[in-house]
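Next up: some structures, all given as structure tokens.
Look at the two complexes coming up: chain A is in both, with chain B in one and chain C in the other.
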Partner chain A sequence: MKQAARILILALFAIVAASPVIFLLAGTFTGSSEITGNISAVLAKEDGYARWNFIPQYPTMQNIVELLLDAPEFFQMFWNSIKIVLFTIAGQLLFGMAAAWGMACYNFRGKKYIYMLYIIMMMMPFQVTMLSEYLVLDKLKLLDTSAAVILPGIFSTFPVFIMYRFFCGIPESIIEAAKIDGASEIQIFLRIGIPLGSSGIISAVVLSFLECWNMIEQPVTFLESKNLWPLSLFLPEVNENNAGFSLCASFAALLPAVFVFLAGQDYLEQGISASASKE
Partner chain B sequence: MKQKENHTIFWIKAILWLLLVIFIFTIASRAADSFTIAKVSIENPSARKIQYNIQIQGRVVKNRELPVITQPDILIKSILVNEGQRVQKGAVLAKLDIASLNECINSIESEKKILRLQNKDLLANREQAEAQRNRNIARAEQDLTQVQIQNKEAVLLAEKELDRAQKALEKQKTKLYKLKQKLDTARKKNRQDISSILAKKKEQESLVSAFKDDVSVKKKALTAARQTKKSEEKAAEREVHDAYSELSSDSSIDINNISINNYNIQLKKLKKLKAQKGKVCAPAGGIITALMITVGQKTPDTAIFTMTDDSAGLKFIGQMDAEDARYVSAGDTVSLKLADKNINDIHITSIETDESREFLNVTALLPAKMSSIGESAVMEAVQMSGNYNCTVPATAVYQEDSKNYVLVAEVENTIMGSQDIARKVEVEVLEKNNLYAALDPDTLANDSQVIINTDRYVNPGDRIRIKSSGYSQSASLLAHNLMLSQLFSGSLYSH
Partner chain C sequence: MSKKRKREMAAWLFILPDFAGVVVFYLIPFADVVRRSFIKAAGNGFAGLGNYKQVVTNEAFKLAVFNTLRFVLVCLPLLLGLSLGIASLLQKQKAGREIFKSAYLAPLAIPAASIVLLWQLLFDSHGMINGILSFFHINTMGKDWMNTNAAFGVLVFSYIWKNLGYDVVLWMAGLSGISKNIYEAAAVDGAGEWKCFIYITLPNIRQAAFTIVIISFLNSFKVFREAYLVAGSYPHESIYLMQHIFNNWFSSLSVDKMAAGSVLLCIVVTVFVLFLQHSWEE
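Right after this comes the complex of A and B.
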């Protein structure tokens, strides 16, 4: 009985937590006139309160058809997001993985300070580094290019931090044995470090994907050309006329992130727990 | 571990499938977008003159109509023409009855004779009246003279009587004066005869008084004589005056003479008609437009036929909208399009307001024998404006809330990359015809890419696709030709 009550309470909390996604899903299949009637109190500033039907009164595929066939801008921005995410993650794997391996496996002077610097950089919000990043990118003539978003993302400290934690967990005896067997440093990194730290690498990839997929401030600040904007900037203005379409587009934008999350879900849990553990 | 990998692979495959689906719909949405986007033709504003082609529908009518008139009250024997028949000058139109003609001549001659006799009588009467008048004048003058003499004598006589009485009075007054002096002397000297003197004096005073009355009577008689003279002379003068004005004017003879002259003219015409054996001939070549007589009736005193005059030519009469009046004026050189030919270089004779005031009647004289009466025709007038530096096709100019605007193509950086967008630019239309509109160059730059033709409705801000220049020119030419054909078929383009 106690168990059932606990489950019921947790289920209620779960529904509350998942309600935005449920709204998205319901709104995707709701017609414009119904949505307008529901939310006009908020968007059109009419009297009364906004209401929402979890199951649409008149379900329709209009928003989906409009999104799929009448919104080439959505797909242009989708592929812009894919480009930014792929290049950023590829760069992070190339540079961040090596940096994390270096700090995890080698002892050198100032290592502790560099690690501290990584931690500090990781904790700094974007707004703090925005101006300096802008000036650097301007000097490099990279403003209003995709590289203006990708390059700072490549050198993000958070994936390095996660991968560092995983690489630290590799037993030294295994690395020593490889050295005795005549393995070079590159071979040790490729044959031992990456396979054993794959969980951390994947979790870093998943978290980076989610971060890059949802980034808003960086493209708004560094990208002036609209044709370079990522999907996170789609439909900046929602009104009662395009609310259904906006919800549908938001739901569609959610899908890749959900799929990536589900694909790396197991590794992500390990990554989050690793980032939470003390050194 | 294996289950974990399978789970990951499953969702990675799902991501790949999702990307594949997204890719397919990327292509599909772009294809669909290419169907919905408007394809437009553009053109830069150019310098040109605005040409107004005014077309006026109308028909060819006679320029002048002649009446055929003959003598009235003559029996019509036969009519030799019909309405609409073309006749040459001098052609016989109708024949009159000779007997009726003779009768008419005789009648007029009788009338003339009567008038002459009347004149003779009137003349005799007038002479008689003249003599009587002269007599009356002489008598009146004689009476006046006589009255003047008689009254003059009477006045003189009265004057003499008065003078005599006055002298007698003076004489008695002198005597009285002497008696008064004598009395005074007697009183001074206290003489005994005072009483006798007083008695004489009294007697003398009564005499003076009597003579005074006599003078007074004489004065009245003189005054009466003078008044009589005045009144009688006045009456006599009136008589004289009346005698002079007694004869009233009488124009009967003159009137009769005028009538006789008119009869002579009629007789001359009738005799000429008689000499022509009663034939009524056409005064000019032309077409009989109306017959006002029938056989067996008598000729009226108005026209018996009406006919056109070939020598006066034809004219075009058409109607145009009053608002087109500013493009056409009297004296303009225009061309006329007939069913089978064109007549160039004709001039507008007059432009008059129709009774309805919505239309104007346009008239132009045509050369003779260039057309036929009743033929439909279209007058074409071409008017050129001054040179404008900024003109665009009229199809490019739209109107909203009494404001004119054009849509210009501008390149804009959008989510889909650099794209052409239709932008609204408010302009001021200086002049406009069915094909082109002249704009204020301050409101539209000369390098603007003005949208002149589109395959669907374009709103400001809509994305557009610009047709290739060759195709654009062809489309522009096609639209231009289409508008011209509409213009010549009479349906004016309305924006």
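Right after this comes the complex of A and C.
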């Protein structure tokens, strides 16, 4: 009895949480006329209320075909997103990973202050630094180029924080042993730090991917040319003729994120919990 | 060079490239914003605290501060309580735990843009929520949820929906750190589930709670994405948030107000973080 109640509560929340995915998935396979019929109440302000068929009455691939063959601007934005995400994460691995290792594995004067500074930077909402970032990007002549979104992303301090937590968990005895065997600092980083911290690194990558794939504020602020905009800004203009197509595009936009999410869920969880564990 | 000096050098070599980027893209610009917050918008004169005065007495700013505070004060306890409850239930549930977790985490992967359409269909005056309510003969009188005070509720829902899974995972990490022996010993002594929760679980997850509060607080700023995409730059006044006013100052190039506002917000966030840290570490 008790267990049944528990499962019921858990399942209820699970359904509410996951239903938007199912909603979009259903819309993707629903023909335009069926959708239009269902939601015309909202679109045309007619009487009655919007409805939704979670299982389409007449399943169709029409929307998917249209998206694949007939929507150049969607693809443009898709590749913009891929480009931004890949460069940002590559940069984070190059710079952030080294910084996390340096902070986790060494003791030096001022370490406490640098760490504190990184945390505070991590806490700041985008709007606090928006103006300053804009000014500096303007000075560097980077405004309205992809670099305006990529470079600040690379030096975001959140992934450093996550990787730091994992690097701290590497037992000191292993590092000491490597030193006695004559390994250089770089060798220790490459041969011990990266392999043993790999789950932390992947966690940071997964979290960064989701963050980056969904970003709204940065591109809106720093990119004026719409042909540079990422997919997260693809806002389907819904009207009676293209509702199915818009839903399909929305669904396609979330696919890569869901894929990374499913592939990296264990690491995602580790990464999330790493930020909660005690130092 | 002593061995210690050498190790310090190595540490700096690892950190420096990233740190340089942080300095260029965040620290120096922020220092510049602090400077600008004391300078008049027109004519570069020293403004003293003039900009701050202007910001603090600005009606829109007051509204935004009030709404943001209200939002944080409603959402944080709600989210933390709910996610802790679910995490403790899930901790006891072995079968299907992974599936539940995936479902709770799924909203993290859904881009705000994909949600907008759904929110419109749900909360429009002819939307599905009103449809369901009318099915139960509740008269909604064609309420457009996003254009009434209910918009605030929709925003709270969006935030909880998006962050529930994240916080559940965080709590579960904290809960799994508590030794089972304590619970068994308490059960032998005849403590019920509630007593165990209050006297064992709560004191033992204080440490985790610190980070969870901070991260949830941080994420509460991100709800702006949904608010902005659904309702634009000038939403219903119950969800006119700090981010809206910053954006609007930004578009009108009110650099002076924006700079002063940024510094104020930065101070508030820093004080909040330090305060939490202090109260947890004592």
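Convention: the second predicted complex is superposed on the first by the 266 of 279 C-alpha atoms of A that agree within 3 Å, B and C clash if a C-alpha of one lies under 4 Å from a C-alpha of the other, contacts with A are read in each partner's own complex, and residues count from 1 in each chain.
Keep in mind that, in the parts below, contacts are C-beta pairs under 8 Å (C-beta built on N, C-alpha and C of every residue); 3 or more make two chains touch, one makes a residue touch a chain.
Because the structure is predicted, anything quoted here is derived from the model rather than measured.
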Per residue count on chain A, the busier partner among chain B and chain C is C
- prompt: Of the partners chain B and chain C, which touch A:A99 in the superposed model: first, second, both, neither?
  reply: second
Query: Touching A:I82, do we find chain B (first), chain C (second), both, or neither?
result: first
- Task: Please indicate which partner A:I201 is in contact with in the superposed arrangement: first for chain B, second for chain C, both, or neither.
- Result: neither
**Asked** Can A:C212 be said to touch chain B (first), chain C (second), both, or neither?
**Response** neither
Worksheet entry | First (chain B), second (chain C), both or neither touched by A:M121 | second
Requested in this report: Return first, second, both or neither, reflecting whether A:I150 touches chain B, chain C, both chains, or no partner chain.
Outcome: neither
After superposition on chain A, the chain A residues reached by both chain B and chain C are 260, 262, 265
Counting only contacts in the complex, chain A reaches chain C at residues 3, 6-7, 9-11, 13-18, 20-21, 23-24, 39, 41-42, 45-52, 94-96, 98-99, 101-103, 105-109, 111, 114, 117-136, 151-152, 154-155, 157, 160, 185, 189, 210, 213-214, 216-217, 221, 231-236, 238, 246-247, 250-251, 253-254, 257-258, 260-262, 265, 268-269, 272-273, 275-278
Note: in the complex, chain B contacts chain A through residues 4, 7-8, 10-12, 14-15, 18-19, 22, 25-26, 28-30, 32-33, 36, 413-418
Per the touch rule, the chain A residues reaching chain B in their complex are 68-79, 82, 202, 225-227, 229, 255-256, 259-260, 262-267
Note: in the complex, chain C contacts chain A through residues 7-8, 10-15, 17-19, 21-22, 24-30, 32-33, 86, 89-90, 92-93, 96, 99-118, 120-121, 124-128, 130-131, 134, 161, 164-166, 169-170, 172-174, 177, 207-208, 211-212, 214-215, 218, 221, 224-225, 228-229, 242-243, 246-247, 250, 255, 258-259, 262, 265-266, 269-270, 273
